[in-house]
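Worksheet: one structure, shown below.
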Amino acid sequence: MTAVQPQMPTQDALEVGTTATTAVKGRSRIPWRFLAGRAAFYLFTLWAAITINFFLPRMMKGDAVSQYLSRNRNVSPEAADALRSLLGLDTDKALLHQYVDYWGLLLRGDLGVSLLHGLRPVTEVISQALPWTVGLVGFATLVSFAIGTIGGGIVGWRRGSRLDGLIPVTTFLATIPYFWLGLLAIAVFSVNLGWFPIGKAYGVGMRPEWTAEFIGQVIHHGTLPAVTIVIASLGGWMLGMRNMMLTVLDEDYVMVAQAKGLPNKRVLWRYAARNAVLPQIQSFALSIGFIVGGTIVMEMVFSYPGVGKLLLDATNAKDYALMQGVFLVITLSVLVANILADIAYAFLDPRTRQTEA
Amino acid sequence: MTTDLRTERAADLPTVRPPRPRATFRARLGSSFAMFRNRKSITGLAILGFFVLVAILADVLAPYSPTKVDSAARLQPPSVEHWLGTTHLGEDVLSQVIYGTRGVIVVGFLAAIMATIIAVVVGVVAGYLRGWRSESLSALTNVFLVIPGLPLIIIVASMFDNPPLVVIAAVLGLTGWAWGARVLRAQTMSLRNRDFIQAARANGEPLHRIIGKEMLPNLMALIAASFVGTVTAAILGLTTLSYIGVIPVNTYNWGTILNWASAQGAFRQNQWWWFMPPGLCIAAIGVALSLINFGIDEYVNPRLRSAGERARAMRKRGLDVNDPVTAVRPATSAQERA
Amino acid sequence: MTVLEFDRVTKIYSVRGAGQIKALDDVSFTLTSGQTIGLVGQSGSGKSTIAKILTQLETPTSGQVRLDGEPIPRRGAGLRAYRQKLRMVFQDPFASLNPYHSVRYHLERPLRLDAVVPKAALEDEVRRLLERVRLEPETVIDRRPHELSGGQRQRVAIARALASRPLLLVADEPVSMLDVSIRLGVLNLLADLRREEGLGVLYITHDLATARHFSDEIMVLNQGRVVESGPADDVILRPQDPYTRELRAASPDPEKHFASVSGQHGGVL
Amino acid sequence: MRDSLLTVRDFSVVYDVDPPVEAVKNVTLELHRGEILGLAGESGCGKTTLAYGVQRLLKAPAVITSGSVVFHDSSGEDIEVDRLDAEQMRQFRWDKISMVFQGAMNALNPVATIGSQLEDVFEVHRPTMSRAERREAVVELLEIVKVGRQRRRSFPHELSGGMRQRVMIAMALALRPQLMIMDEPTTALDVLVQREILQQISQLRHEFGFTVVFITHDLPLLLEISDRIAIMREGEIVELDTAERIWTSPRDDYTKTLLSSFPRLTGERGVVVR
């Protein structure tokens, strides 16, 4: 600079905040405001789900127990009354009263008894099935998310290369109905090639225990369902990440990183992909609900002993307590998964840590 | 002023100006459908149109009644009489697939129309309003997104003994609007703050015109995308529910055919003519719909198209878009082309 | 003669987590038709809050805005009449026109809404408006915004603001997004309109030089307060307030620069 | 006579699309060591393309179709920039020529701390430095540009526009380059902040002695700060002269047009007419 104006202010204009975006002082590393907002939302969703659950059996013509009785004639009237009170369907009480009772039962962890499973408590029935679903589907979903996101990142980075061809292929695999894909897989790999067993979580005659043989069986039985889930859901993640990459690659900071002489790999992972993955995590959170839907179909196709199968069996047998219980548990697990995704997001995106929106 | 530089950078690059359209009715109509005017969308629309025709002309096209039992020809592989073979009762698979198209198309479109109406109303209103009203509509949308849809549909559907198609469509529509509403809300919020909306308000435009004439035209592509998305979801949902058996199997659609095929062990006995056609049909319609949406996506966000296409075009000229170093090429080749 | 009065207007925003922010603090001024007031200040000084209050997007926390002595009605015919008299030109010509509509539509709407001319005369009036902003009607009337250059867009926006025959114009940084060489053209157009039609113009800007060039009076705003106001040359050439002096010292001024440089070197000039 | 730092000869850039667009046409330019060269012009005139082009930072479809760019290193070595391969180019960048981009949010990675983005440069270009040394260097840089060491762990969104711009300057300064290209570094800032940043650049230049190419459309600003000014129009340099000569006796008509686009702040009312 050849000349410097002499009468410049000496005070630091930055501290005064000459622009609208002043530096946030005393920021906290934990995004309390963000998390509190999300917590309120989840509580509301939970309430909504539970309330839907309460009203569903009451929307039907007649009540669940009479329907059940009409098909199982060897139940005594006394047993029927007992069932009604267990299900909270005492028709002589006011609706509000029933609602309060229902919450009371819920908070005590009492989801009623399952007519289908010999009047065993619903919680017990579900807790046997839940680990299978969570294990298999959780694993497959995470694998699919990881492969899809990393793959989408690479495809986006190498746009215009032959890798672009992957996108239509994975999208096609995502548009065919999952149950058909599963059935085809069974027809090809189990029936004709005999590589994998047809359905179930482990072989007949096995007892769940922590032995190498049993775990081997579980893996052998789980491979086909897991692979089909990955194949069917890969496309969405890949396309989403690729599209996000194309957007992020045009950002100035990517250009800056290249001007800084950073190697391509570093630009790709630390600058481009690191930013492109954020919307992926958000859509991951929101799509968990859809994933669960797929689970039910998977468990039907592969006769897998998880909660989805439980729900279908309960639906066919009109076992309302079990249906309600399963729906509640599914919703709860979706919410928990959502919270986990949210926390991950909050820590990956420093902007959520802002104290003021 | 941030955009100052951005526009300048963009101006450094050549922009292609489309020819000047006359503001006639036809041009207007044309521009309303501009999002479909690309190869992907047109291919998708053609496939979809084919299925719609099949659905309409099912009575003419199907060689047999879908329920006509030919006990002499059970589980026949494809032949001249039965192009796609027969079922375990001797029903003609081709006729079933043709009639099945009807259920799929009707439910798919009905559900999508309902879902789109809800999505547009909720999304645009939530996007236009401010404060707690907007927030609570958004929370409602998110609740519908988060609550797992399929289990809910299964439970609701199981409460009807014999649900008519309209009810199934309604249930699919009611559980399928949230995604569209969310996208539309975000876009409406960004539109609301644009200066041309402020200008319309300053002009004294009434609210219905601001939403109907100023905002909606700019939202059309997103609305179309959300419609196409819900058709896909509804068709997959319907066939899945039919396959599971929640929806009575006496109304024909591709899912019920697969339900029968699966129940009769077609998959284990390699009766491919029975289970391949309906599955492939669902896949084909799915591909058609995602092609349409690809087209719309690329219309909304030209970067998506141009990125791939331009990169390929560059490659042909020996340039690599990922090359962090500008290529040096003696003038000859570039000027020869010019 | 139309007079807009800003009478001791204060606007306070409450911001979550940051308490209250005074965007405007006891601001008063008067704008008369045929006059241009330059409103100068940095971002965050409250300039845009004044524009928002004038266009009814915000309401003052205290104080009053009056047009010809009457407070602005909140709704109904009175509000419509006020809006017809005071129009806005926005900063970003790329965002202030709806990409979906043609130039004709943009100009016809205010004409229809305010029933400025009978329906049969709409077309002629649109053409007349375009001519007034020095655009050739034939070439632009059926175009859409994306087919126009930045300068043309801003002229269309000005034509739209003029359509309902307003008496006052609020121009919020009307040229900061335009190319350097066409900025003066647009500002000169505003100056011509002021002269020819007796418009009152509130010219909001951060650029002292154009403010001085195009305004009769300048008002300097700092953190919501008017720190100095007066005839344009007085404020710029003989600033009284320290903040105005800082602003002036920080603005590029080649004239002064080369005068001082040549002084140091023994006076080449 | 000052010695030269960068010699650009007959330099052309074409955007290879249909039809090809010549963004920079046969530009010849000699950059002197230690000067501030202003590059002025309106949007689309090619000033950004030229500045990015000499570092070969432009992405396809941009192609350099003719000319040579020679960097005269302080070691005495002449580096022919247009002959470097990708790896050599990567090492050359930032080490010899660094850049200051417009100080908006977008130039800094929103999800990485200021410190880590500064350290990046050392990690890649000075692999022998230890972690502690890098950290020390970052702290020193932040102190030099008066952002303060405690901001090392801040994220870009936590800083004001002026602060972000100072961070960008610190980053550009990291490897003590011989040339800094500044692309509209103060356009998005308020005039008071702009002035402060300019003063800081001036001070740093006295201290570290780098050469500056300053790109902007704000001609009055350029006239104040530059030694020489190049006026660009449609990909060509229409006039290149000392700031004073551009101000007092412009020769090209376009230069005159540009000059008369800015009303005078002081002196008589009106615009300067030459």
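First chain written, first letter: the chains are A, B, C and D, and each begins at residue 1.
Simple rule for what comes next: a residue touches a chain if its C-beta (ideal position, glycine included) is under 8 Å from a C-beta of that chain, and two chains touch if they have at least 3 such contacts.
Note that the structure is predicted; figures quoted are calculated from it, not measured.
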item	value
Mutual neighbours - chains that touch chain B and chain D alike	A, C
Pair sharing more residue contacts (C-beta pairs) when C-D is set against A-D	A-D
Centre-most chain [mean C-alpha coordinates]	B
Label of the chain whose CA centroid is most distant from the centroid of chain C	A
Centre distance in Å when chain C and chain D are each reduced to the mean of their C-alpha atoms	33
Length of the line joining the C-alpha centres of chain A and chain D, rounded to whole Å	48
Computed distance of Cα centres, chain B from chain A, in Å	23
Whole-Å separation of chain centres (CA-atom averages), chain B against chain C	45
Per-residue multi-chain contacts in chain C, two or more chains	42-43, 246, 249-250, 257, 261
Chain A, residues touching no fewer than two other chains	2-3, 5, 8-9, 17-19, 258
In chain D, residues with contacts to at least two other chains	43, 57, 90, 102, 104, 106, 190, 192, 195, 217, 224
Touching residues (chain side chain D, partner chain A) in the complex	36, 55, 57, 90-95, 98-99, 101-102, 104, 106-112, 120-121, 124-125, 146, 154-155, 157-163, 166, 171, 189-190, 192-193, 195-196, 198-199, 201-202, 205, 224-227, 243
Residue numbers on chain A that touch chain D, as the complex places them	1-5, 8-9, 12-14, 17-19, 21-24, 27, 251-253, 255-263, 266, 270-271, 274-275, 278, 348-351, 353-354
Complex contacts: residues of chain B adjacent to chain C	1, 3-4, 7, 17-18, 20-23, 31, 194-196, 198-205, 214, 217-218
Contact set on chain C toward chain D in their complex	42-43, 179-181, 183-184, 206, 208-210, 212-214, 233, 236-237, 246-258, 261, 268-269
Residues of chain C that touch chain B when the two form their complex	55-57, 79-80, 83-84, 87-88, 90-92, 94-102, 104-105, 109-110, 113-114, 142-144, 147, 150, 157, 160, 164, 176-177
